[in-house]
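Dropping the structures in below, format is structure tokens.
You will see subunit A twice below: alongside subunit B first, and alongside subunit C after that.
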Partner chain A sequence: MDVLFSQLVVLGSSLTLICALMLLWHRHVYAYTTAFAWQSVVLTGIMAVVAYFERDAEMYFVAALFLLLKGWVIPRLLRRIEQPLGDEQELRPYVNTATSLLVCALLVLFAYAVSRPLVALSRLPTRAGMPLALGLIFISLFVIASRKKALTQVIGFLMLENGIALLAVLGTYGIPLVVELGVFLDLLLGVIVMQLVIYHIRDTFESIDVEQLGRLRH
Partner chain B sequence: MSAWLVEVFEALFALALAPGLVGLIRWIKARMQSRLGPPPWQPYRELRKLLHKEVVVSDNASWLFRFAPYAVSASTLAIAFLVPLIVVPRRFDMIGDLFVVVYLLLLGTFWLALAGLDPGSAFGGMGASRDVTVAALAEPSTATAIFSLALGAGSTNLGAIVVATLNDPRTVLTPGHLLAFAALFVVALAETGRLPVDNPATHLELTMIHEAMILEYSGRYLALLEWASGLKLFLFLSLLANLFFPWGIAQTMTPAALAWALAVLVLKLVILAVVLAVIETRVAKLRLFRVPELLTASFVLALLAITSSFLLR
Partner chain C sequence: MIFAVLLLPPLLAAALAALVKPYRLVVGWGTALLALAPLAGGVALCARILNGEVLTWGSGEFLRADGLSALLVLCIAFVAALAAWLGPGLTAADAYSAGERRGYRVYSNLFAFTMFLAVTAHNVGVMWVAVEATTITSALLIPLHVTKPSVEASWKYILICSVGIALAFVGTVLAYFDFVNLAGEQPAALNWTALLASAPSLHREVLQLAFVFLLIGYGTKAGLAPMHTWLPDAHSESPSALSAMMSGVLLAVAIYAIIRWKIVVDAAMGPAFSHRLLVALSLLSLAIAAFSLIGQRNYKRMLAYSSIEHTGLTCLGLALGPLGVFAAMLHMINHTVTKSMMFLLAGRVQQRYQSTEIAEAPGLIRIMPVTAGLFAAGMFAIAGLPPFGLFISEFALMRAGFAAGQTGLMALVLVLLAVAFIALLRNLNRMLYGMPPAATRTGENEPWALAPLGLCVFILLVLGVVLPSPLNGLLNRVVEIVSP
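And then the complex of A and B:
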């Protein structure tokens, strides 16, 4: 049973990592929102698996709340931001697609190297997924650093949150419910504030290209 | 003795059924596009027609042009002996393993590229350069995905990999296995010239990769090259089916087990043909500059496959 638990967890973590790769592979921002929504669904699945195998009823509640917030509410907010912008595409990022994918591979290898002592010391059945969660965090940071559209950076930040949540679930079987609720509230408010900022950027610069923010003349 | 005969029969079976597989994929695509389409045995008729036609060779062509179809067909036929189709473990395993298969494929690509360049036509040169680019980009993915399989089985012999997966059915659900399957599937699309990398049904020369190299061929040379490309598709799909989902393959030499293995192989190939046809109908051909992105993504998947299977050992 332990082996099945471990395999399901690693499978789920790999799927979340692949959803993050979609952010570097596709061009349309619409695809990024879909990737984020699916990643949240997979993460909910991982939480449910952990809750089932560890017989933790509280985790089921956290998973349901996670699905509601990150699988439904936040993707809806993101779609509402996208609609007036039209078909936004990440056409000229700082790092091109093929190089970004190779950098992702290197980041995942780096995550494996960095978390080796952690995985070697841990006795939990979920320890095999921890390097993947760390890799997800690194990849999200890379997305924020290498992409130009403000909306992509917001989605990268949300995936970073997902990565941290995944690491928490795998490493310590979740965090206390009160802390979790606080994090959800902060996240929701953060996304609403980012929505307002994106609207302001678009009104001022006619585009959501963050490179425009660094120029003095237009 | 009978084991060797069975494996020779396997290779001949692949040779005989390969045009049928191509015809089946074409027929399914036609039906999905609301056309009647030619029947699945149309490629056999085309091959018979081509074998009777006269060969016309360009004045600028050298011996390479005449030799290349035989080289390509021979290398693809050699692969047919090494791929586990019906029975494992294989006697032919002592002759070649997974790396030999990869490099036989590359040998075929090499000769076909030379044949495209030889007559000096513009389209042939363009097709040859594109094909070599795709092959070079697909190599790391192939090698890495194969390495992840070999790590799991402890050997690079194809028969040994299949036997290892049969002995431990839980490996099928591991992420390493599934990621390697995804990576090799993308490589299969690239190497056999299917959408989204190359449209096999295109008549526009500027969009061709594989067809551009064989544009100058006619008669029996063209028949050999078409057969070789069909056989390559057959072998790639059966490799995907038998390496990753090997149930049904015979492990004993009894006629019942062999017949069952044959039927299961045909079923798996039909399923993969349907999947391929659906993908080809849904997806548009990628621009050539986007093909490296697809192959890099497949390389990243293969790398993830290695790291997951290496770590879980």
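And then the complex of A and C:
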């Protein structure tokens, strides 16, 4: 039983990581939203698996809310930001695709090294996925730092949040409900505010390339 | 009861401003009056803390206030009141439209609410939620006037701070993971007192990893180098009243979060680990701030870099034992008063000269003599000259450092402080004297607004001469909490 549980969780965690890699080899920003939505669906699946094996009713509730927010509401918001921009592309990111993939491989290795004490400490059957969650966090950070479109950075940030949610699910079967709800609220409001700022950027700079944002230096 | 006085008035004020459409000046005055309630609440809270109480409220002690919270509450309430009384939306003469005034009244009050919640929440997860919410509420206010630089500053602020704060959440989750592995799942597991009580038996390696994430995360928000890059932009491009709130207390709230976690980590593995990290980041902040001040051409950015410098000093004090903690907390209070005043004064200067370039704002002393006088006093204060409060706290910090045997470190800090000192006074000199542009109007506008700013200088002078015994008592309570 535990073996199946553990394998399902590791499979799911690997899938979330692959969704994050989409951001690195795909050029169309449009595809990033899809990748994020799928990643959220996979994460909901992991939560459901944990809820099923642990008979945790609260976890089903959190998973449902998670799916609603990150699988549906936020992707819709992202599409609404995209639409008026047309077909946005990451033409020349700060780091090219081949190097990016190499860096990500190194980041996952680094995540395994960093999370050794975590895996050693935990007794949960889900512990094998924790390095992958940290890997997802590091890769998201790399995406934010190496890509130029404001929208890509937002999706990188959302994937970072997914990585943290994954870490919490695998390490402790979720965090206390009151905090979880607060995090959801913050995330929703945060994305709405980011949307507003992106509109401002588009209206004042006529592009959402953050390379344009270089006047405040010194 | 006291919690209600702290948390409800800002919410009420925000709701009032949001619901009354179109915006009327009387709403602004209403919110300004409401901003006084938390100030009274903060004073009452401090009085009860001095009686030896620790206040809690709600199921599972949802809110909790000890000496450290009380100190922060007082700082937030003071700056929020200042920003409410001197911010946009009180007179028809300010340079804002009705929509902008309404936006300011709504979001600045929500901003104040989230800061109050951050320092009174018992659960460190809720504290995180509140700190993240401060970013959201304040990011909307930076581009109150939509211009290229303000939009850019806003984007940098929300992206860098959201990512930083997300890292703090990784740290929180890791610490929770550590706790759950020790004690099993409990609803109260993220309560700060529960964490502290179980700290000695927590797993050290995991907690070290967690603290690195927490320090980077909350350090981003506190403006510690090298995560400070959003700060000069956001502070220089926001409306001055918002800059005052951000520089005056938002940084202090982030430092508060670091302190809460430092206490837990120190209880688990002794102070050496957190002190090493804090000293390294503080020194880097001091160095970057001091050298950025030298070539500074923009007076609001100059004040922003000075905030980074003082954040560095405060965090340095935290790593210097009980004496250092005392000095750091006193420094935080002094900085709160000084910097909120300075940004509000800078706003007056900017309004008159229509520029934030130092070179384009000469002859201040002829144009607005009283503003110039207060500005000069504030600059002397942030440069660390007597007889102002910051001199005393910096002096106490130095003494704590030498007493802790960190002679080399303190010598380096002194050199950096001297660099910052020269840069600040040179810039002040360029602003006070010289020939003002011919078309600039002479005389103060809204002279009544100078009264609260004068009060700030008065407080600084008092703190530079004596340490009032209630404040001394409160600071001693904080020291007992932070380094037992």
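Just so it is clear, the second predicted complex is superposed on the first by the 214 of 218 C-alpha atoms of A that agree within 3 Å, B and C clash if a C-alpha of one lies under 4 Å from a C-alpha of the other, contacts with A are read in each partner's own complex, and residues count from 1 in each chain.
Just so we're on the same page, a residue touches a chain if its C-beta (ideal position, glycine included) is under 8 Å from a C-beta of that chain, and two chains touch if they have at least 3 such contacts.
If you're wondering where the values come from, they're calculated on a predicted model, not measured in any experiment.
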Subunit B and subunit C placed together on subunit A: clash or fit? fit
Practice problem: With the two complexes superposed on chain A, say which partner A:L109 touches: subunit B (first), subunit C (second), both, or neither. | Solution: first
- Task: Please indicate which partner A:Q7 is in contact with in the superposed arrangement: first for subunit B, second for subunit C, both, or neither.
- Result: first
Practice prompt. Applying the touch criterion given at the start, work out whether A:V73 contacts subunit B, subunit C, both or neither, answering first, second, both or neither.
Written response: neither
Query = Which of the two partners, first being subunit B and second being subunit C, lies in contact with A:L65: first, second, both, or neither?
reply = neither
With both complexes overlaid on chain A, does A:P117 touch subunit B (first), subunit C (second), both or neither?
second
First (subunit B), second (subunit C), both or neither: which does A:A31 touch?
neither
Please indicate which partner A:A98 is in contact with in the superposed arrangement: first for subunit B, second for subunit C, both, or neither. first
Based on the superposed arrangement, let me know which partner A:L85 touches: subunit B (first), subunit C (second), both, or neither?
-> neither
Quick note, subunit A centre (C-alpha) to subunit B and to subunit C: the enclosed angle in degrees to the nearest 10 is 150
Across subunit A, the partner (subunit B or subunit C) reaching more residues is C
Overlaying both structures gives a minimum C-alpha distance between subunit B and subunit C, in Å, of 19
Seen from subunit A, its contact residues with subunit C in the complex are 114, 117-118, 121-123, 137, 141, 144, 150, 153, 157, 160-161, 164, 167-168, 171-173, 175-176, 178-179, 182-183, 185-186, 189-190, 193-194, 196-198, 200-201, 203-205, 210, 213, 215-216, 218
Contacts from subunit B onto subunit A in the complex sit at residues 170, 173-175, 178-179, 292-293, 296-297, 299-301, 303-304, 307-308, 311-312
Within the complex, subunit B is touched by subunit A residues 3, 6-7, 10-11, 13-14, 17-18, 21, 25, 97-98, 101-102, 104-105, 108-109, 112, 119, 128, 131-132
In the complex, subunit C touches subunit A at residues 123, 125-126, 128-129, 132-133, 135-136, 139-140, 143, 146-149, 151-156, 158-159, 162-163, 166, 169-170, 173-174, 176-178, 180-181, 185, 187, 189-190, 203, 205-206, 209, 232-233, 236-237, 295, 297, 301
